[in-house]
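Presented sequentially are two complexes of chain A, the first with chain B as partner and the second with chain C.
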Partner chain A sequence: MPERSIGGIRKVGHRTIDGVWRMGVATRFFLLTLLHSGICLRRPHLVIREIFSAGVLSLIIIVVSGLFVGMVLGLQGYETLQTYGSEEALGILVALSLVRELGPVVAALLFASRAGSAITAEIGLMKATEQIAAMEMMAVDPIARVVAPRFWGAVISMPLLAALFSAMGIFGGYLVGVVMIGVDDGAFWSQMQSAVDFREDILNGVIKSVVFGVAVTAVALFEGYDAPPTAEGVSRATTRTVVTSSLAILALDFVLTALMFRGV
Partner chain B sequence: MSGNLVEIQGLHFAYSDRPILKGIDLNARRGQVVAIMGNSGCGKTTLFRLISGAVKPTRGTLKVDGLNVGDLDQDGLYQLRRRMGVLFQFGALFTDMSVFDNVAFQMREHTDLPEAMIRDLVLMKLNAVGLRGAHDLMTSELSGGMARRVALARAIALDPMLILFDEPFAGLDPISLGVIGNLIRRLTDTLGLTSIVVTHDVQESLKMVDYVYFISEGMVEAQGTPAEIKASGLPFVHQFVHGEEDGPVPFHYPADPYPADLRLSYA
Partner chain C sequence: MERTTLDLWVGLFVVAGIAALVFLAMRVGNIGTFDTAKTYAVTAKFGNIGGLKVRAPVKSAGVVVGRVGEIRFNTQAYQAEVVLNIGNQYKFPVDTSASIMTSGLLGEQYIALEAGAEEKMLAQGDDLKITQGAVVLENLIGQFLYNKADEPTTPAK
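And now, the complex of A and B:
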């Protein structure tokens, strides 16, 4: 076998081993985070602070994006429904699209870009400036003090942001469909009320957003903690957080949708 | 109780198969300021990491207050570190906290002291480094020298028995340099600490330390009091103390003959 082919096979082997090893390290890191989560109950102010950082500071992007997505849904939905003379069903279309799918997914993608990248950059820079090492030298476990509160703060924020995104989207759809185009107000709301099921639609949407929240935050925390302590290392880790968590959201969405809505 | 707080015997350390330390013997007596000096890459930062328990020795013993650091599990290490202070090269202050909160950090993490008492203690520690008036500032508002002093106040927050200083003089102006040097000496004496200073700065260190270890290529090349070091005839020590360009530590990294590298015909 030529030398070049052997070199190529060796490279693939190395990458595979590195990938498996990194997955193992990430899993251990995630389990350690869960194991050290007791601090969040003992000192809830640490989590509240992270809910502010990850959740409250993401409000603007979530509210504005939700509103525009809902307005676009209103316009597009009306165009299609009008063809079949069912424009009164606009409320159902907007609500189900948002609650089941767009709310959790788009909010999670935005959350990954805003809060996930911020978490990675913050922890990566803490590592680069020896703040994490200093904490360890002070006999304070950084997984408990830094990582666990950020994890729970972000996981709690995610479903709330997704719910807000859906609510703003429905409001956007209402503005375009009812206020601007003139779809019947009563039909818009009553059809939505009768068609949207709490367990099948809303609860499943909440479950999705919790799962996405866990995935995005776990990726963001690990990438930050594992980042090489250099400017380039932190920059690459931040990019990896956005790319990896976005792909994870879309893949998980397919799996969850297949599990939740089959046969409905 | 032994007179030595830190006792190192036959210490070896290697990263994978690359040896860094090759049989170090070093002691730090209680109440002394001990300097570890050497050129870049000689292994002194690795020694610092070994004493703090960040890495474990490959061979040999390293005892701090009678405890073999290499044998401690994480709980044991954390118990030991509660009695140690570490000052990092650039302070490593927590950037999302004020000066006050940085100094109070360990008190809040490790004690149940009431907030009023923590306030008094923090102000006393900051007063000791001359920065009581800066307690409300954020770390981004501090100069390099001030940040180093706040980090020193944080390191003495829980009255440790040992403080490790990693390049405490790096990047400081002459005034700050003198201030930090004096603080290390004064705090060691008044608080009854033991200080280990890893540094390049020969002149500032020799003014205030009790004992010096010179490390070269992973081994102790020379040791002694500042007076003995200044009078030393060892070529390595002479080169280091006087900052000479060439000597046992060569100016040029090993390379092929210069003319050969330039492909000159007479090479």
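And now, the complex of A and C:
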């Protein structure tokens, strides 16, 4: 009996040490990426290529989901607001919920599953097919050549995608609220403008999306670089990227919201 | 993919993203509504500010002429001291009165300025002498009940 319980405690200790060790490796990897970012300035085309694969290729899913989220917000918001006879506040509801929360968070979640998983799979496969080892043999630093451009490409894309998501969502809310249901056009925009503050709401939303972009990309890059070089290892790493970065987005969102919006 | 097409797509993407940000800032947010314009600050003391918030609008005749800059508690007068930032293009007489109003039944609270008749205009750092605080619903109900109790009772049917 004591043997077994000691074994259990030992397992807990092993897990803890393992977790802390992995976290340390991930932090070192992240710092190393930042340290080797100089190449992105010397060869900007590497970054442009990554903006294409992370940002441009995610455009369709971001734009379409933004539109639909906004339209649903318009419908649901109208249903609730009309009970209080304040349909004109629909603009405020749609704009604030999109700019503050849904824009950065949902765009980041989509980004994690669309671009984050692709980054992990790509780097994991590069490792499995020994391309990374080959680079090292040729004295090309894989972190500078492969990892850093992907990091900056994705970090630049994320706030742009979130802004597009919010703008499309507000347009969707406008379509449903004003064009379809018939809320007053002027009241929709003017109430929105009086309630949405540039610094408090829009800038904080942009800050959130930058933080999420860094988190998602750092997780995706590390998982790819750390993946066991087998088919199963890559598939597991891809799954872990999506799960870990989604959880990180939601947890970070809570922390950032608590810091930013304290209700004056 | 060819380099020029790639550049074109990335360029389009970046321009669209920045355009979305500008749209959010100009059309959705309140940037450009004389936020950046020059203002002068006057203070007003209120017995009760109710739910007035910093950045709440200051209106005169329903037109927004400024915003609430700061709200603090004056420990000498035991009153709330509100700093109003009023746009430089709006000049008010020194005997202007300020009262805290609510827009709509459940709307946000704002400060309404009622212009006075003096020749002298308000300047930076001046005090508004005539103020009326927010209406507290509980007091109103209390007053109503008190008046009700005073009325002669109607004869029972």
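The rule is short, and it goes like this: the second predicted complex is superposed on the first by the 262 of 264 C-alpha atoms of A that agree within 3 Å, B and C clash if a C-alpha of one lies under 4 Å from a C-alpha of the other, contacts with A are read in each partner's own complex, and residues count from 1 in each chain.
Convention: contacts are C-beta pairs under 8 Å (C-beta built on N, C-alpha and C of every residue); 3 or more make two chains touch, one makes a residue touch a chain.
These numbers come from a predicted model, not from an experiment.
A.B. asks: After the alignment on chain A, I want to confirm one thing: do chain B and chain C clash, or do they fit together?
C.D. replies: Verdict on chain A: chain B and chain C fit.
A.B. asks: Touch check for A:93: first (chain B), second (chain C), both, or neither?
C.D. replies: neither
A.B. asks: Go through the superposed model and pick first if A:108 touches only chain B, second if only chain C, both, or neither.
C.D. replies: Neither chain B nor chain C is touched by A:108.
A.B. asks: What's your read, chain B or chain C touching more residues of chain A?
C.D. replies: So, of the two partners, C touches more residues of chain A.
A.B. asks: Under the stated touch criterion, which partner chain does A:45 make contact with: chain B (first), chain C (second), both, or neither?
C.D. replies: second
A.B. asks: Go through the superposed model and pick first if A:234 touches only chain B, second if only chain C, both, or neither.
C.D. replies: neither
A.B. asks: For the combined three-chain view, what is the angle at the C-alpha centre of chain A formed with the C-alpha centres of chain B and chain C, to the nearest 10°?
C.D. replies: For this superposed arrangement the angle is about 160 degrees.
A.B. asks: Mind working out whether A:131 is in touch with chain B, chain C, both or neither, as first, second, both or neither?
C.D. replies: A:131 contacts chain B only, not chain C.
A.B. asks: Scan A:139 for contacts with chain B and chain C and give back first, second, both or neither.
C.D. replies: first
A.B. asks: Contact-wise, after the overlay, does A:147 reach chain B, chain C, both or neither (first, second, both, neither)?
C.D. replies: Touch status of A:147: no partner.
A.B. asks: Nearest approach of chain B to chain C by C-alpha atoms in the superposition, in Å, rounded to an integer.
C.D. replies: 10
A.B. asks: Do chain B and chain C touch any of the same residues on chain A, and if so, which?
C.D. replies: Comparing the two interfaces on chain A, one with chain B and one with chain C, no residues are shared.
A.B. asks: Using the touch rule from the top, collect the residues of chain B that touch chain A in their complex.
C.D. replies: Those in contact with chain A are residues 52, 54, 77-79, 81-82, 84, 86, 88-90, 92-95, 105-106, 109-110.
A.B. asks: So in the complex, the part of chain C that touches chain A is made up of which residues?
C.D. replies: Chain C reaches chain A through residues 1, 3, 6-7, 9-10, 12-14, 16-18, 20-21, 23-25, 27-31, 33, 35, 53-55, 57, 104, 106.
A.B. asks: Can you check the complex and tell me which residues of chain A touch chain C?
C.D. replies: Interface residues on chain A, with respect to chain C: 45, 48-49, 51-52, 55-56, 59, 84, 86, 95, 99, 157, 159-161, 163-164, 166-168, 170, 189, 192-194, 196-198, 201-202, 206, 264.
A.B. asks: What does chain A use to touch chain B in their complex?
C.D. replies: Against chain B, chain A makes touches at 125-126, 129-131, 133-134, 136-141, 145.
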